[in-house]
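Okay, got some structures for you below.
Each of the two complexes below includes chain A, the first together with chain B, the second together with chain C.
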Partner chain A sequence: MSYRWTVIKSIMKREARSSFFSLGLYIAATIACLVSAFIFNTYINTVEGNNIMVMASPLNTPLFYAVIVAALYAAISSSTALSREKDRGTLEVLFYGPVDHLSVILAKFFEDIISFLIIMLLVTIYFAYAAITTNLGFSITYLYAIILSIFIASCMSSFGLWLSSLTARIRTSILLLIVVMGGLLGLQFLQNYILTLKPENLSLSMVYIMGIVSNILRVIKWVSPFSYLTDGINAVALGSVSMYIENMIGAIIYTVVLLTATVYTLKWKGVRKL
Partner chain B sequence: MRKTCCISALILIFVILSSAIGFSAETPKSKEVVYSLNVWDGKDYAAPFYPSAYDTIYVMADYENVYSVKETLVYYWPLTREYMADWDGLNKDVGETIEVLKGNEIIGTYKKVDYVFYYPKGYWGGGTQLFTGDKAKEKKKEYDQAVNKYWKEVEAYYQAYEKYNKEVEEFYQNIQEGKPAGKIPQEPAPPTAPTFYVTDISKAYVFSLPPGQYTIRTKDKNEEIIPGTVKNLIAFSHRREGIGYNIIPESKWTYPEVADDSSEIVYQYREGTLYFQPYKEWEFNELYYNKLSKPQSPGRSDRWIWVHMDPVSNVKLRIYSGDSIFSEIRNRPYYVEQVPGSALGYNIKLLDRKENPYGMADFSAFKFSVPPTGDYKLVTIDSKGDIIENSDRYIRPITVTDARNIFIASLGPLIIGLVIYIIRRVGR
Partner chain C sequence: MIRTENLCKKYEKVEAVKDLSISVEPGEIYGFLGPNGAGKTTTIMMILGILKPTSGKILVFNKDLYSDYFGIKRRVGVVSEVQYLYEDMTAYEYLSFFCDIYNVKNKKEKIEELLHKVDLYDRKDDLLGHYSRGMQQKIGFVRALLNDPELLILDEPVSGLDPTGIREVRDLILEENQRGRTVFMSSHILSEVERISHRVGIMNKGRLVAEDTMENLRKKLSSEVEIELEVDNFDVEAEKRLESLSFVNSVTKEDGKYLVRVKADKDYRGDLVNFVSAIGGNLKEIRKREMSLEDAFITITEKNISLFSSGEVSE
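This part shows the complex of A and B:
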């Protein structure tokens, strides 16, 4: 076990170092901050327009979008992690050494989480600046949301790793990720949009679409990492401790299941370049 | 690959068909035994009904609620996606006794009693009260007497008015004829209708329950349980009490905001004036409270909502800046004065009773002029000088007027990344 842990640590360090010195991580953090800046700007405009705004945790909404960006980075990074090494043939070489499937996958997984934490650190510094300058202020819910976001990132990362284990080419991995994530995210937004409409104002076709979407979502609720993200943000917004803990446990189970699936898929598909 | 495609297509068809089945399954108009209630919702009595599709009744604990068991025609109305009762088609009282069980033990058996609703400020005035038994009869009698008295007064008024018309005619005729006319006749004052209203006496089961989960059922004359009347019953109470605020910004006085929870922060654009109207509020479970008045409406059991009750009186608001008291404010009447001329605009002014004793206030509230900087905490102080629990709200002026710096700062991570990247490249 300790031997495996040494292997995980050394691969993880190498990967984390590479991520730290590459621009991708900082671009993702910048996008997250930029998206948040638009929301902060909306707040300022709202207060300016109405002269008043009443809100419980104004930082939670921008944080939600920042977490989506950071978690998507983790998903993209993990989805290419295995396929890139397979494509280059380096994964096969790695396995000539004292490395097994579990060590590689855990190392990649932890490296993604470290990258995610770096992004969230930069985002938090930015949020602190924005909160102080605007006088929006920090609340304790921000801390809860940040803690929960790590579990959400682990869902996204494990999902990305599993997709990566299915393919042997970077292009296919990214394409698969875009299609799957885009589809899941699209359904989520569609449902959120439909939920804002009053049933009596819906046309029959819209009611029909709503039924289809909610039935599909009922099925994929357990598969989509975004549903854990939405539920998590809801738990923080509602201040529901039970929902918060439930979400954390759900995210851990999801991550363990997908990482296990990734190990078996990698064993089944093999580590050689096809 | 082909097999996977076939399976995917089959799943898709199944999902679409299952949705279609769900929407085409309209319930026909059917005879059902339903519970029709008048439940206290904290402010007034709501009148929900429970068709057979809904097996849990929600009521507020420790308040008397009215339960009726009816046979009616129930149909599904697809436009609002809810079950409706055709009371005009069928409205038959059924059952003799209601039993309430806690687990398997019967904790209450109730017979129908006379009841009325008393509306002290008229039907739409609020403050509805429920009276049962002899008190119901007394209230009804009181109302009937008041109405009879009013009609007698109306009759007397018409007679007096007729007499008055004749006297006026005579008065002018005497003037025209140069005779002494005497005093000008006094017009009789019209009578005032009763301001309160009492419903007709009806019969129903009226009882209150302590908080808890129960089973309710109705029995007929033969002590047999009427099919379809066994339902779960949840009697719930509020979790917390507090003070909620309606906040009227000076710049948009007709668009008040609400701050119901202590976690909510009131943001004010730089300096400005806010008018606070405090209300007593109770916090309920969202699902329970929504189901209380509309059993078919959705709600979340993990969410809590504040419900405004009555405006609070004999209180003052205290503003803190840090730990020190910044100011204490009292409730005052205000009126809105339109700016003279064609230009739009208004001023909110204090209604001074000495200067303007007959003036009408547009609203009364606690005025607080928010300074341009700093953080403030507002609390409500009761008549004893104690802070009322859950009455605190933070007030923060937004200090930024230009968001450019926020956008520029968002590029910070990219700059850090570039610096690290360049250092790394140079280091190699």
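This part shows the complex of A and C:
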């Protein structure tokens, strides 16, 4: 294990170096700041316009949007992490040496989390500046949200890595990510839409279809990393400790299962350049 | 160093490697020959654990790879035909990365020493994407030597290189072998393998069709031996008598010398000397013409596969 850890650290260091010198990380951080700034500005206008004197955790909603952007970056970057190396043949070369499937996958995973934390650090610096200039201040829930966001990012990253292990080309990985993410988001929107429908206004066949869709969604809830994101946001917003801990444990289990699946998929698909 | 026993790799309908049993001994250069698609790279990938064998056994340093994966891999250096480098890294950064992976102590000294050796020290800060094919191949060698491996596995190491590059790589292989490293080298460039290998295994269509020293391989493959004779005082009558000898298949004259093709069952040079002396000829030179590995390879792969496979050509 100690030698594997040396390998993980070496690959992680290389990956981190590559991320720091690429634009992607900074573009994601900029988008995260811009999106949260827009939401933050809306809040300020609301406070001013409605003469609100007290507002609970005003930074949380902008933070959620920043987390979504950073987590999406984690998913996108991890979804090409393995296929990019396979496509270029560099993954094969790594395996000439003392590198195994688990060490490569863990190195990519940890590097993704580090990149996520860097984006969140930049976002927090921006939030600190905004909190000081507006006098809205930080609340403890901000810290809770940041901690939980790491678990959400781990779900996104492990999901992206698993998708990446299925393909051998960068382009295919990106297409697969778009299709799968689009599908999962579409199903979540469908779920929200179904919840707005009143059963008494529906025909019998429609109720039957709704039942099937609900069952599918119940399964997908465990598969989609977005469920952990929305559940996490709800847990922090509601201030529910049990939901918060449940979300964390769920995210850990999800990550372990997905990373294990990635190891087996990579073993099955192989590391050689096609 | 490497031992495979009845190694097989099957892809749906294609059998890439069939019943391969080879043994690479410590300190030797083992040439693994065969035309493209013979199963050489598949075998190497199985030895490295990158491909899983369908059946059979592989031992590296007398151990199963997975009994000590990291330990065994740290004792092996690999150079492939194409280097697949991280083109956004400089040579120094790239080698430093692999030093970290192999946990090399004094990595700066090690990298500098090896870069000096391949004449790339002055280019150490250049991006690998700007390197020529030959330079990339050298970097591949440096990478493979960073961990002072006991075993070097080279997959088509000179393929695509110009003559100077080929010579440099050949010298490097010989030098590393003289330092005690065992070399397992696959190639389809026969002259290269012939020049440096102690033993050769020849693959064709997934099967090992021959494995032996160069000399024995040539012996096995020759049904006749060519002997050059330079004789004075040798007339047409003498030529006819030479041709009529029971062990002589044919006699031709080339550039004033006689090329005598004799049976390969024994060394007939003594008999020829006695014959020339008996008829009063003046023998100036007698020389056995060696069969090149290229000739042997073509003979094996195109003509004698069935003989080798069925064991009719025995040691």
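The criterion applied here is as follows: the second predicted complex is superposed on the first by the 242 of 274 C-alpha atoms of A that agree within 3 Å, B and C clash if a C-alpha of one lies under 4 Å from a C-alpha of the other, contacts with A are read in each partner's own complex, and residues count from 1 in each chain.
Operating definition for what follows: a residue touches a chain if its C-beta (ideal position, glycine included) is under 8 Å from a C-beta of that chain, and two chains touch if they have at least 3 such contacts.
It should be emphasised that the depicted structure is a prediction, and the values quoted were computed from it without experimental measurement.
> In the overlay, work out which of chain B or chain C sits against more residues of chain A.
Counting contacted residues of chain A, the larger count belongs to B.
> Does the superposition put A:Ser240 against chain B (first), chain C (second), both, or neither?
After superposing on A, A:Ser240 lies in contact with chain B but is clear of chain C.
> Looking at A:Tyr126, would you say it contacts chain B, chain C, both, or neither? Reply first, second, both or neither.
A:Tyr126 sits against chain B, while chain C stays out of touch.
> So, does A:Leu136 touch the first partner chain B, the second partner chain C, both, or neither?
first
> Show me the chain A residues, by the header's touch rule, that chain B contacts in one structure and chain C contacts in the other.
On chain A, the residues that contact chain B in one structure and chain C in the other are 21.
> How about chain A: which of its residues touch chain B in the complex?
These residues of chain A touch chain B: 20-23, 25-27, 29-30, 33-34, 36-37, 40-41, 43-44, 47-48, 50-58, 119, 122-123, 125-126, 129-130, 133-137, 139, 141, 199-200, 207-208, 211-212, 215-216, 219, 238-240, 242-243.
> Using the touch definition up top, name the residues of chain B that touch chain A in the complex.
15-16, 18-20, 22-23, 79-81, 247, 249-252, 255, 257-259, 261, 263-269, 272, 274, 300, 302-303, 373, 375, 394, 396-401, 403, 405-407, 409-414, 416-418, 420-421, 424
> Where on chain A is chain C touching in the complex?
Interface residues on chain A, with respect to chain C: 3-4, 6-7, 9-11, 13-14, 18, 21, 88-90, 92-100, 270-273.
> Over in the complex, which chain C residues touch chain A? Could you list them?
For this pair, the touching residues of chain C are 45, 48-51, 69-70, 73-74, 76, 78, 80, 82-86, 88-89, 97-98, 100-103, 144, 147.
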